[in-house]
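Heads up, the next two complexes both have chain A, just with different partners, chain B and then chain C.
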Partner chain A sequence: MIRTERLTKIYNRGESREVVAVDGVSLEIGSGDFLVVSGPSGSGKTTLLCLIGLLTRPTRGKIFLNDREVSSYSDSWQTRTRREKMGFVFQQHNLLPQFLVWENVSLPLLCRDVGLSERKRIALNVLHRLGLGSRSDFKTAQLSVGEQQRVAIARALVTDPEIVLADEPTASVDVETAADILEIFRHLKESGKTIIAVSHDPALVSEGDTTVELRSGVLAQSRRM
Partner chain B sequence: MLLLSILAASLALLVVEKAFRIFRKWKSADEEEKYELEKQFYLTYAVVYIVFAIRMFAVPLYFWTMQTLVPMIPGAMCLWGVFNTLPVLCWSTLALKFALPVLYFGWLILARINDGCKRNPLIRNLMGLYIALSPVLMADSLVDLMIFSRLTPVQVACCTSAIDVWARPIPPLVLGISSQLVLLVSYLALSTAYAPLCYAALRKPIFEWIVRASSLALIPMFVITVTEVLTPWILNLPLHHCPFCLLYLAPTSIVFFATLWFSMAVPWWTLLTRRLGRADEESLELESRLRRDLWTIAGLSTIVGVALIAIHLIVATT
Partner chain C sequence: MRFQRHVNLYAYAVKCIFTYKARTVSIVSSLVIAIMVLGAVAFLADGLEKEAELSAAFAPDVTVQYLQAGRQIPIPMKYAEVIDRLDGVKTAPRVWGYVYFHNRLYTVMGIDPSKMPIPKEINLAIAPGRFLKVDDRRAAVVGDFLAKSFGLRVGDVIVLYDQSMRPFNVTVVGIFTMDVRLYTADLILIPIEDARAFFEVGEDLATDLCVYVESRAQSRFVAEQILKNIPNARVLTREVLREALLAAYGARSGFVSVVWLILLVSAMLVAWNQASAVSTEARREVGILKALGFGTSDILEVRLVEAVVLGALSASIGIFLAIIYVVYFGAPVLKEFMLGWAAIYPEFPLPLHIKFSTLFTLYAIGVFPLLVGSVIPAWTSAITEPDVAMRGT
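After this line comes the complex of A and B, so read on.
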């Protein structure tokens, strides 16, 4: 489903501050796979996730999605691909504090021109599934960090994407919430979603079908469970 | 009009430098640089889109505004009189009001092809064409600015004394038959033949050039037919030949003017898309499909235009 070919990302190219964040990474992620990318801080995990999620463009190398080379697609087409096929869970949640929980969750549907009542119905449905039904009319700032993370996951899932990309989804939550989040990912895996997660968390790493370890942007180890 | 002209000229000027930078760097840029240029392109593209939309909207607005000035100009009875307040500027730029939208719309057609492609293959061509058009675009806006800032209510001669009293450009009779009738039948016959030629151009590229040549011949013929036949006959004023009076007194005639303008413009749009709209396989496919649609619509709009002329004449004579 997703394939990368010698993916390289260099920041500040040609300058003295040049950083090779990802260096020649080739991966193959099948449909329904759960890939966990681990590695020390600054090893290029988030950059790799952004590259696969078409949030940034590689300096070199290619990304294939369903055998189509999408890394050279125009920004507007990449946006369309992201909107239709991907759901993102960011480490910092990136929720809008002025909006209600269900409004935050329904935002990706707005980009798909779904009507208001339908948006609300779908968002509430996802929130119920994640045990946040009672929080739907709260403002996100009124929620605990763990709940905010679950709202972020709900937002990623509201469009029923084929691929879920998560950046350290359990990093900023307590052990109990981390277990809840792991449970959510387990369900996603069972439902056949392709999941790519970046994590230090050994519990999450052990959930993956495949684990890859990055060191200084280079693929150091790859293990299939 | 003044505000729109200022807005269009300012916006056009604002993005020329950006367009030039994208045009210059695109070819040699690597993927990352292209990504940055692409982001600049979207902004430039949006501005250019607005500028062209303004300029195209300004065309009917120009004629309408001029028409509203008729009561304020002593001696003017229609647009002809208003144009005579600044004859050099107004008459010399009249043809541009019909020709420039063809170019502007052509750019928008290319942009449409580019939008449909996954890799923005026409960025360089779009920016290059915009750079080439920008002086014309500025001049177009400046001409409007000059006209509307300098118009004064001077005494003018209007259409009746300016056009009707002169000797007609066609003889009264040709081989004993009314030359008006000969001209009308010739024009309608040629226009009717133009429609199947458009459909033929769908299949064989050689016909595209025949249609282009025909459109060049039909344009002056249309102008003469309008002044010498259609205006006096549709208005039931045998000695009156002013096309502006036709458009004002029989406003439905604007529709056949518009449909025929469209069918005359299509051959030039297809030339533009053939030359600049085929950068890779995907754009080639899209361009071919779009060109087919354009030719089909051109054929249809010619038939509609001719039919509307016939209906106008029938209604006028019954």
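After this line comes the complex of A and C, so read on.
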């Protein structure tokens, strides 16, 4: 489903502070696979996730989605692909603090022909599934970090995407919440979603069908479970 | 329903206005102040210009005054005969001056209805009552505001004091309407014979001569002929008078506009500063929206609607306050400046006039700084990779 060919991303290219974040990474992720990218801090995991999620363009190399080379496609095409096929869980949650929980969750539906009542119904449905039904009318700033992480996951799932990309989904939460989040990812895997998660949480790593390890942007190890 | 997506985006834009309260209040308040000041100046200037146009419309084709050592003095009536000799020309003398009445300065003007062609519009300008007739004596047509100030009605008697401080009674036969209030606010129009007696001006003199030309296109030629025949004359055509009135008010409103421009630039800077102050947050928000599937055009649509709603709201409030300031409060400070010498007139309502072009300009001024201050930064964020924009850098 997703394939990368010698994917390279260089920040501040040609400058003294040039950084090679990802260096010649080739991967193949099948439909319904659960890929976990691990590695030490600064090894390029998040950058690789952003490249696969079409949030940034590679300096070199190619990304294939269903055998179509998509990395050079226009901004509007990539935006449409993100809208229709992908759901993101960011490490910093990236929620809008002034908005209510259900409003944050329903944000990806704004660009679709879905009316207010339907948007709210879908958002509440996802929130209930994740155990946050009672928090729907709270502002996100009023929630705990673990709850905020689950809101971020709800937002990623509200459009029922084929591909879920998650950046350190269990990094900033307590053990109990991490277990809840792992359970959510198990359910997603069972429902046939393609999941790409960045993590160095051994529990999450053990859930993956495939684990790849990055060191200084280079693919150091790839393991199929 | 493809339009539902646009409805969602508009709703999101409006939601942002109410959500980011501090930014909204700061932008709206700075724009409201700027638009209120400009609106008050513009409405007053438009009103004064309209009044000036009306004043010019009621003026004679050519007004002839007489100068001695560069100062105006009464003109000998023999010059009326000189002017009357020109083809297609009719002359009417006027005797006028100022009088204090209840500690206010009023213009008493004497005219000769038998010689002065009365424009048809004069009937529309008088209500209630009538204009002066040829055989009227000790009769007066007064300004609307003068009538209201003293509760005068048609048939009432005004007691003025003449040059020798003797009581001089005149009976009100008509009252000018509101439409010509600047021109007539301080006016007491009486027959010329009464004016001569009141100001003690002999029958061989007049304050000035009104010249009416059969063909208005000939006004300039007639003016040149008068200047040739009466070397010490000062000749004012209706067009020159109109331009002088417009220039006087235009110059005043122009000066105020410069002051306003400084205010507008300050308001724009505040609006821009607000956009900049939240730029990191706004840029991050754009990055998040892009990551969630918002296209560049969607983001611009949101920011455009936000700017238009905020700008239109600010302009509407500013215009409303400007009208209240002028009509209800009588435009303190601005009035003294805008009216200049006219401020020594008796109190009268300010001439408010709202032109469509002025309204359009005010709304454009409300919306434009915000478009520049918010849409352009949003566009630069929207064309940046979401990964970079989300970091707010």
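Annotations
As a convention for this text, the second predicted complex is superposed on the first by the 225 of 225 C-alpha atoms of A that agree within 3 Å, B and C clash if a C-alpha of one lies under 4 Å from a C-alpha of the other, contacts with A are read in each partner's own complex, and residues count from 1 in each chain.
One rule holds for everything that comes next: contacts are C-beta pairs under 8 Å (C-beta built on N, C-alpha and C of every residue); 3 or more make two chains touch, one makes a residue touch a chain.
Please read these numbers as outputs of a predicted model, since none were measured by experiment.
In the superposition on chain A, contact of A:94 is made with chain C only, not with chain B. Of the two partner chains placed by superposition, A:149 touches none, neither chain B nor chain C.
When the two structures are aligned on the shared chain, A:170 is found in touch with neither chain B nor chain C.
With both structures placed on the common chain, the touch criterion links A:76 to chain B and to chain C.
By the touch criterion defined above, A:58 lies against chain B but remains apart from chain C after alignment on the C-alpha atoms of chain A.
Within the superposed three-chain arrangement, the count of touched residues of chain A is higher for C, of the candidates chain B and chain C. When the two structures are aligned on the shared chain, A:116 is found in touch with chain C, with no touch to chain B. Once the two complexes are laid over each other on the shared chain, residue contacts for A:13 go to chain B alone; chain C is not touched.
Chain A uses residues 57, 75-76 to touch chain B in one structure and chain C in the other. By the touch criterion given at the top, residues 13, 57-60, 71-77 of chain A touch chain B in their complex. If you check the complex, the residues on chain C that touch chain A are 1-2, 4-5, 7-9, 11-12, 15, 19-20, 284-285, 288-298, 383, 385-388, 390. Of all residues in chain A, only 47, 50, 53, 55-57, 75-76, 79-80, 82-84, 88, 90, 94, 96, 98-99, 103, 107-116, 119, 155, 159 touch chain C in the complex they form. Residue ranges on chain B touching chain A, taken from their complex, read 30-32, 35, 38-39, 42, 115, 117-120.
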